[in-house]
Structures are given as structure tokens and as C-alpha cells.
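Have a look at these structures, which come just after this line.
Two complexes are shown next, each including subunit A; its partner changes from subunit B in the first to subunit C in the second.
After this line comes the complex of A and B, so read on.
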């Protein structure tokens, strides 16, 4: 189709607002991150070029370097991600399988399990803090409940030094399992009924059907959930901020460090940390996708 | 018969499992609402009905500083002892017998509260305190404002460009569209840092800047969703409109938008929840109380009033209830919107 210049321009003007906002608030900041990460900038005085200093400080400062604040925050993030990948996703998968089976209350469960993902991380964090925290001293409600129900042996300092990391991870799982559940359930319901029938006619028992039909067909969805869990968990921090406030470094996650550094006006360092985390995340998610592709090829299932 | 029984048991077990998880999702919120309606003394110390004791006993217990009169409701007494030890010591002082001490202690244990018992006082005043005295209405309206303006902007801007990407020809079309797509795929864990720096430089650390930044955040996904929806529609109606003499803008407004209404609902809900729940950028940008949205206000509020559990609960309820009600009303769109946001991105 040959268009006059006027037409081309008037057509183009439809995307102009989006393009303008996108350029100013996405493209420019995107490239600006890389510039800033080589600078020292306190948002007031002029930025100074410092070469790789920011990266050196993040990655290799401290003695030994793998125990410095950045790597321990990465460890905390990885710890929570580990629980999200295992506990949260297995729970979500079990729930999806069950909801797929039952006919009654099916809708009710679906609605209820998705309440938590709808609410903000701040609300969840603050609510759980009210339930678990002993601040002000002696106000830890969960412990009082356990006492009054005669389960005094189960009480503990939930947000104390030893348990805080695990409790944070579990709260994160509690908030997040609805996601994985909904996606996995949609995947399960996409599996054609004929395949199950065929398996039944061939004499497969329930376990064989699960192992030979459900799991292979669900692999792409599982891979998606896996990658989403990793990306989501490594970038989550508002809930942790509301729940523990970092707990003196025990539950400090990478994005919380970035946020704190920006608050104390170390924009260059914050950007460098963002670049490091972004590269790690991209690397990890591509590796995951690659592995899942290999597994799928091994199973001989067509990618969908 | 055996198989039937086995099946029933399996189903029951499955329901037990599902139901316990569902309870874990609901109970904290019921607890929250329950506590938000309590008198602080009821929550922390526990109330006991006067009728549990005889008149003489009541006086004895008050004199021994085991209980106090409860000002809110004359039918109740408030416990005035922090722990079991002190309770027993005070009761021993007034020469209560062992069995009597046991009885009082049991009553004490049974009436300790912490939100497990339904509220006796129904203190709606908590809400008034939170909303009026601590100016929660301001946070609420700020959130409403940001959400409304951002979502409106996103709907107009993204539907315009989605329409163009789907229907109109112009140079660089595919390049620009793929640019938006790529933007959705790349994880930007510190995306808020350069945006904040940029707004700082432009002197836009205010409502306008925030709305712009939030608009940008939802743009790519909304364009993608609407474009794919437009692609699936037939062009007959638009052709008819064109023959009737509509120009492109009129077609977009009168034909395009009504046709993509189902996708628009998803876009609206996804973005509304996104803005409503956004915390990071807002907390960096708004240090003034009068500009803070709900999430930032909640954080401020709870750090200022750490000891006021009932008030914090009232504040949390104010923030939670509208979202839950909205969600229950439009579950399908909410689920669709949020999962689209996750799985496409």
C-alpha cells in the first residue's frame, strides 16, 4: 500500500504518545543505568566518573569477598528463592492437582487461593508482623495463641535471629503460592481429556497416568512457573521490608540493598547493583529455559 | 462397595487438605478485622464477664488488683495481671484457697484474647480514629487519584497505539512494536533507580512525575494485550464506519474501543492493582504526608504507632477490604489480568 506522507504521519501519531513516554521513562533510564553505574552520584552535586569502582566494591570488597554484604544479600535472596521453588511450588502443584480432581467447591478454592496475590506486599508483611513479631516486647500473638491452645512447646521467637530467615521465606511462599497454583491449574485443564482416556484404555493406573501423561505435558508450564518464581522472588522486597525491615542483614535481599542505597543517595552504587542483579537474573532464567528445553526434548514432547 | 468407600475417603482427604490451606488464607484476615473492632485492653489483657463471679468475689478481685472495672462496657471486667505468677501471688495475698485460685486462673486463661474471641466491644471508633484523626482518608484518596489518572492515561495511550499497530501502516511499525515487546521481557530489578534519578533531574518528584512513571510501567503489556485482541477481530465494522465517513480517530473511539472492551477490562484491572499496590517508587518520591498513597502511608503509620495493634489492624482493614470486595466481585477479570501480566512478561 502506498501512503502519502500525510497519512503516514497521521498513522504514526497514534503511537506517538506511547513512544514519547516509553522513550523518556524506559529507554533513557535503561541506558542511563549503565552510565550511572560507572559514576558516583549523590543526586545533588555533579556525577563523578569512577570506572569500575562501584562494581569492585559490590563484588569484591570485604574479606573474604564472598561474605560481603552484597553476596550475603544474594544468599538471603537465594535462600528465599529455594523455598519458593520447592515448598511453594510443590504445594501449588499439589493444590492444583486436587482442585482439578474435585468438582464441589472447585470455584471457592480457586477464589480463595488467589486472594493473597491480589493484595499488596506491604499489607501481607504488616499483617504477618502483627502476628509474629514480639515488638513491643511480649506482643507476639501467635505464641499466645499456641499457649492458650495448650501447644506451649511450639512457641518460639519467630522473628528472632535463628528463625527469621526461614519464617520470612515461608511468609513469602504463603503470599506467592496462589500464582503458581493458578498457572499450573490452567495448564492442567489444558491437557486434553482424550489422553487420559487413552491411558486408561491402555491399562495405566493412576500413578502411571500421572507420571507418563500429566507431568510431561505440564513440563512447559512448570518451566514457566520455575522461571517466574525465580524472577519474582529475587526481585521481591516490599513484603520483607514490612515484615522484618531487613532484620539487621539477616533477611536483607538484593533489591532491598539497592533501595536503601538510593535512599542514602548513592545512586551510582545502586545502579551498579541493579546491573549485576539484572545480569545474574537474565543468565539464570536463560539457563532454566535451556534446561527445560533439553528435558522436553528428552521426553520427546512437542514444545507448546 | 470397597472401591466406593475408598473413593469417598480420598475425596474427603483432598477436601481436608484444600480446606486447611484455604483456611490459612482466610483466617488472618478475619483475625485482622476482628482485632480492628476491639478495645486495646480487650485485645491485650482480655475481658471477663462480671457474671462469672459473685458480687463479693468481684469486689475482692478488684481490691486485690487482679481485675479492673472496664469503662467501655459495665458488663465486663479487665484483667490487670501480666502473667500467671503475679496472678497467683495476688490471689494468695487475699487468702484464696487452692481450688478457688485454680478456678480464677482457669477463667483467666480462658478469657485471654489476642483476637481469637469475637469482639465484645465493636469499637467502630478505631476506624474513625484511623481515618479522621490519623488522616487515612488522605492516603486513600491519593491512592485513588494515582490509580484513576494512571489507568485512564494507560487505557487511552495504549489503545491508540495498539489500534495503530494492528490496523494502520507507518514506517518503523514492527521495529517499534518489538521494542515494546522486548521491554516487557527484560527483568529490571533496579528499574526504579534511574527513573527516580531522572525525575529528580526533571524536578518532577511530585504527583505528575509519579503518574508518568507509573503510566510507563503498564504501557508495554497493555499495548501487547490490546494489539493481540485487535488482531483477532474482523475489520468489517471498521470498514463500515469508514464508508460512513469516520476518520481514523473516530473509528478508534467509536468502533475500536467498544470492540476491545473485554480486553480493556483486563488492562484496567491489571494496571489498577499494579498502581494501587505499588510501593517502591512512591516511598522514594513522597516524603510529604499529603502526597503519600496508601501503601506508603501504611508503612509510616505502622512504624509510628507500633504499640497500637487495634489501630494498625483498622488501618490494614481499610486498605484490604476494598481490594478484597473488588476482587470477589470481578474474580475472573482479576485472575485473567494478573496472570496475563505474569505469563507474558
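After this line comes the complex of A and C, so read on.
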């Protein structure tokens, strides 16, 4: 069908508002970030082209370069991500398995587990700071609770230099496991019941059913959860800022550095950090998807 | 749907988009002022109303909070050419110089110097220095006065007099030197079980301010400035001595637990609840403590000296200041308002309402008792905004983090000094 120019324009005009908003608020900032990453820019004066200086500063400054502040923040981010990938996702998977089975109050648990992810990160950070800190700023709730349970030997200075990194990771996991829980639960509920029935008829025990039916069919969902966990955790920021403020670099994560550099109006450097982080995350995400595809192929599971 | 309706819908969408980006609203034939100071907003509103009553010129006061958001708003407005007639600039003098060089800030020198410098002579020189650029300054800005200070800020040590007494210490004799300071802090911990010292050291600038005061006391202002100019290294023994003071503070056990995760607001709250004997905070704390704990008895005292070789300098002078938009057709009216705002009567009202130190010279007796000793110290003020050079942000970032790491016990003073110097070398090379 041949459309007149007027008809084409008329059709196009339906998507024009969305396209305009997308271009102004997504595409333009996205490309402008790339442009600024090659400039020295204080947000007020005119930007000055500096080539790859910002990238050199981020990636290779310091002696040795792999111990510079950027790579230290990447290490902190990776540390929290490791705990999120393991502890958080295993916890989410275990809870999803429990709730997927017909247990009492399963709808209640779904709501309860999903409350934490929808709460503000700042609120969680400030709340946990109160609970974990002793005098003079906190109420030392966790230590008091441990004492009252007869576990006085486990009390400690949770935000002290020796534990602050691990505690930050665990608080992040505690706040974030609800997302993984909901996605994994949806994945579990998509597995046809007939497959479990067939397995039972074939004489498979619970472990064999889990290992041979549940896990392979859940692999695409697990891959998605892993990628989302990496992306979400490496970009964690507000909760950590409220909980520790960076703790002398011990819990400083990459986005915190970007925020700090923007705050002191080193916008070029901040944009370059954003670009570097974006590239690393894209690389990690594609690697994860590639690995997941290979595993699915090995197990003979169709791509979802 | 007809083409007219489609075009109408598109026009509405574009209209909404453009509306969101519209220019700043200006009071009808009057002045608009943007600020970030929640504690002073009511007082500013009241003064604006009085001014309108007196002159018939409407003044609209608009508060944007928190300060980070305010800064973004001002920068965005400057880029878009939508700045109001009067605005404040948060940050270092470098930031002010960027605004000036971009043509956003009016040079008020002719106004200030008129009638035998009647307006200029009202101010404490230390306060005005923050917005003044001398000839051949490092920022490349033309000589002049580019703002109107509305108050003065001083960072000082503070002690709770009641706790001093309870700890068996003389409340009329605060520590004069570093050793006495440590002793008093330890005594408070032993006898009262409270922290000797609390401060918002999650915010690196507070650590930096204290380190600066001790550095100037140990090496003198000239040598301190020479470090910023790159002539003396941060690995110099005197700088190591400065960093070691923070290690000693940690080892003395007087610091609040996890002090490097405590924000200034949390520190103010804890001090107001009597959880620590000493604190290090700005003169704005008077207003904060008045709200948090009206009955608390406390006093300011000068830096506990480490050396007698050089006089103590106090971080301060840089109170809030307002700038006039150089591109506003109402800039003359805006200057008139600021001149009126810094008259003694209005300043007295601001002091009474907000408990901040005034920007203009006032009789000591007309100030609240708690603020009077601070006025005596104005001659000893120092601040990066009045130094010939400012240290690079990356060096400051490294130093602040290094100080936090020393206080946390994860880095040695010489390690921090080497790291700071390596960044200084790289920055200098660039």
C-alpha cells in the first residue's frame, strides 16, 4: 500500500512525542556523556578537550596502577557483588523454592520478602546505621539483641574497619534478595507440573527431581538474575553512602566516585568513570549471557 | 482522528516539554533571590517583606534544599541563562571564578567603593576577602568584589561545660595544647564513660580543616602555602607530624566509635545529647544546638596548640554570600536590596534570629554571649578562598581519605603522605 506523505507524517506523529522524550532524556544524555568523557569540564566554564587523559587518570594512574582509587572501588564493588551472587541469590532461591511449594501463608511471604526492595535505599542505609552502630550515634540494637539471646560472644563493632566491608555487602544482600526471589519464584511457577509428575512416575527422588528438572529449566531465569544482580550491585550507591559514607575508601564503590567527582565539578572525569563502568558492565553481562547459553546448550534446554 | 487533532496533541506535548524548561520566574517588577539556608529562610522572608513595605519593590525569596540540589539548580540555571537577580554560590573560590569568567556575576566594586567606600567598610575584611579578587590573582579574574557576604563562619573546638565539671575538669580552663586536650578527653572517658571527641569525619572537609589548622600551627602559613604551590612536599617531616597527630588521636582512645562514618549532622546530634565532651564544628552550630538542646551549656575554644613556633590560624571567614546576576535588567535594584540587607539593623535582626556571626562589623555587646569570643578571633582567620592558590581537588580528596584511613588505623602517616605527594606530583605534571 502506497501511503501519501501526509499519511506517513500523520502516522509518524503518533510516535513523535515518545521519540522526542526518548531523544531528549535518554539518547542526548547518553551521547553527551561520551563527549564529556574526553573533556575537562567544571559544569560552568566551556569544556576543554583533553583526549584520553581522563581515561588514563582513571585506569592507569597510581603506582601500582591496579591499586589506585578507581580499581579499589571496583574491588569493593566486586566484593559486594560476590556476596550478592552467592549469599543473596542462594537465599532468594531457597525462599522461592519454599514459597513455590504449597505452604501456609505463601502469599503473605511473597509480600513480606518484596517489601525490602521497594523501600528507599537511603532509608535502609540510615535505619541499618542506627541498628548496627553503638553510642554515640546509634542504638546498638543488634548487639543488644545478641546479648539478650545469650550470644554475647558474637557482638562486635559492626561498622568498624575490620567488618564494615562485609557488613555493607550483607546489608546490600538483605535489601536486594527480594528482587531475585520474585524473579526466581516466577520462573519456578512457569515449570509445568506435568514434568514433576513424570519424574515421580519414573521413580525420581526429591533431589533428582530438583537436579534434573528444576535446575535445568530454571537456568535461563538464573542467568537473568545473575546479570541483573551484577548490574544492580556494581551500581549500588545510595544505601552504602547512607550506611558508611565510604568508610575511608573501604566501602567506596564506583558510582560513589562518580558522584563525588560530579559534586566537586570534575564532570569530565566523572563521565569517563561512567563510561568505563558501563563498558565493564556490558562486557560482564555479555560474558554471563554467553556462559549461560553454553550451559543451556550443554543441558539441551531451549533458549527462553 | 483528523490531522488537526494530531498536530494539536503534538503541540501540547511540545508545550509541556518547553514549559518544564521555562525560564525562572521573576517577582513582578521585583527581585528574586535563591538560597539554600533552611535556618535563615524565615528571617530572609521577613526582611524581604520589610523591604517591600519600605520601597514598594517586591522581593521573592526561594529556598532550595539540600545544598547539593541547590548547587545543581544554580549551575543548570547559569547554563540556561535563567539565573535570578540574586543567588549564592556554594563551593570553592574556583567555582565563583568560573561563574565570573562566564559573565554571570556582577562586579560590585564601583558600588562598594562609592561614597568613600561606605558599603565596603561595613564588612569585616576577612569576610569580604572571600568574594574579593586581587590584582593578578591565580584565577585570572579581573580585580574586584563580586559578592555580598551576609554572615561569617568560624570553625572552632567546642566543649560541654557541665560535662567538664562532672569529669573533674575546670570549665573555665579549656585545653590550651594538644596534650591537655588528649588528657581531658581521656578523663571524660574514664570518669563519665562518654567519648572525648566527636566530629563529622565522614565528611572529609572537616578533617581537612583541622589538619590545615594544625599544619599552619606547626609549619607556619608561608610553608603551608609553599606546599600548595608545589615547593614543599607532603612527605616533609612537618607534614608527617601533622598526619601523626591523627594517629595519636586514634591511639589515645578519645575519638567516638567509627568516627569516620559519622556525618556532621549526627555529630551535632550526639554532642547535643551530651555523648561527647569535645567537638569541632562551625559557628552555625549555635543555632543547631539551640534547636536540639536549648539548655545545653557549652563554649568555644581555640585550636589546642601543638607548637609555639607559629600562631594559631582558624578556619573560617567564608560565611554565605550573595551574588548579583550580571545579566539581569534588575541588577541595580538587586544591589540596592543587598546594600539594605547588610545595614546594621537588618544584620542585627539576622543575628538575633539565626545566631550566626554577622558579616558586618558590630559592637561585641550586641552579639549573643556565646558568639562574642568568636568575634575576637576574626583577625586569625584563614580559608582556602583567601589563599593565593587552592589545592587541586584530587590532592584534597587523597588527603581527606588518607586522614580517614589513619583515624581508622588502616594506613600509617608516612604511607598517606607518600600517596598524597604522588597525586600532587601527577597533578603538577599535568
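Everything that follows uses one rule, which is that the second predicted complex is superposed on the first by the 293 of 304 C-alpha atoms of A that agree within 3 Å, B and C clash if a C-alpha of one lies under 4 Å from a C-alpha of the other, contacts with A are read in each partner's own complex, and residues count from 1 in each chain.
Simple rule for what comes next: a contact is a pair of C-beta atoms (placed from the backbone, for glycine too) under 8 Å apart; a residue touches a chain by one contact, two chains touch by 3 or more.
Values in this document were obtained by computation on a predicted structure and should not be read as measured data.
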{"item": "Combined model on subunit A where subunit B meets subunit C, clash or fit", "value": "clash"}
{"item": "Which of subunit B and subunit C A:291 touches, first, second, both or neither", "value": "neither"}
{"item": "Which of subunit B and subunit C A:244 touches, first, second, both or neither", "value": "second"}
{"item": "First (subunit B), second (subunit C), both or neither touched by A:113", "value": "first"}
{"item": "First, second, both or neither for A:62, with subunit B first and subunit C second", "value": "second"}
{"item": "Contacts of A:134 with subunit B and subunit C, given as first, second, both or neither", "value": "second"}
{"item": "Which superposed partner A:43 touches (first subunit B, second subunit C, both, neither)", "value": "both"}
{"item": "Residue contacts with subunit A in the superposition, subunit B compared against subunit C", "value": "B"}
{"item": "Touched partner set for A:90, first subunit B, second subunit C, both or neither", "value": "neither"}
{"item": "First (subunit B), second (subunit C), both or neither touched by A:224", "value": "first"}
{"item": "Touching partner for A:198 - first (subunit B), second (subunit C), both, neither", "value": "neither"}
{"item": "Identified clashing stretch of subunit C versus subunit B [62-70, 206-214, 224-232 or 422-430]", "value": "62-70"}
{"item": "Residues on subunit A lying within both footprints (that of subunit B and that of subunit C)", "value": "10, 14, 17, 21, 24, 43, 129, 135-136, 263"}
{"item": "Contacting residues of subunit B [partner subunit A, same complex]", "value": "11, 14-15, 17-18, 21-22, 24-26, 28-29, 31-32, 35, 44, 109, 112, 114-116, 156-158, 160-161, 163-165, 168-172, 176, 179-180, 183, 186-198, 200, 212-213, 215-216, 219-220, 223, 248, 252, 273, 276-277, 279-280, 284, 295, 298-299, 302, 306-307, 309, 312-313, 316, 319-320, 323-324, 327-328, 331, 334-335, 338-339, 342-343"}
{"item": "Footprint of subunit C on subunit A - complex, ascending", "value": "6, 10, 13-14, 16-17, 20-21, 24, 42-45, 53, 61-63, 69, 129, 133-137, 157, 159-161, 164, 243-250, 260, 263-266"}
{"item": "Residue ranges of subunit A touching subunit B (in the complex, touch as defined)", "value": "1, 3, 8-12, 14-15, 17-19, 21-22, 24-30, 32-33, 36, 41, 43, 91, 94-95, 98-99, 101-102, 104-105, 108-123, 126-131, 135-136, 139, 141, 144-145, 148, 174, 178-179, 182-183, 186, 224, 228, 231-232, 234-235, 237-238, 241-242, 254-255, 258-259, 262-263, 267, 270-271, 273-275, 277-278, 281-282, 285"}
{"item": "Subunit A partner contacts - residues on subunit C that touch it in the complex", "value": "3, 6-7, 9-10, 13-14, 17, 68, 75, 78-79, 91, 94-95, 98-99, 101-102, 194-195, 198, 202-203, 256-258, 260-263, 266-267, 269-270, 273, 275-276, 393-394, 397-398, 401, 404-405, 407-410, 422, 426, 430"}
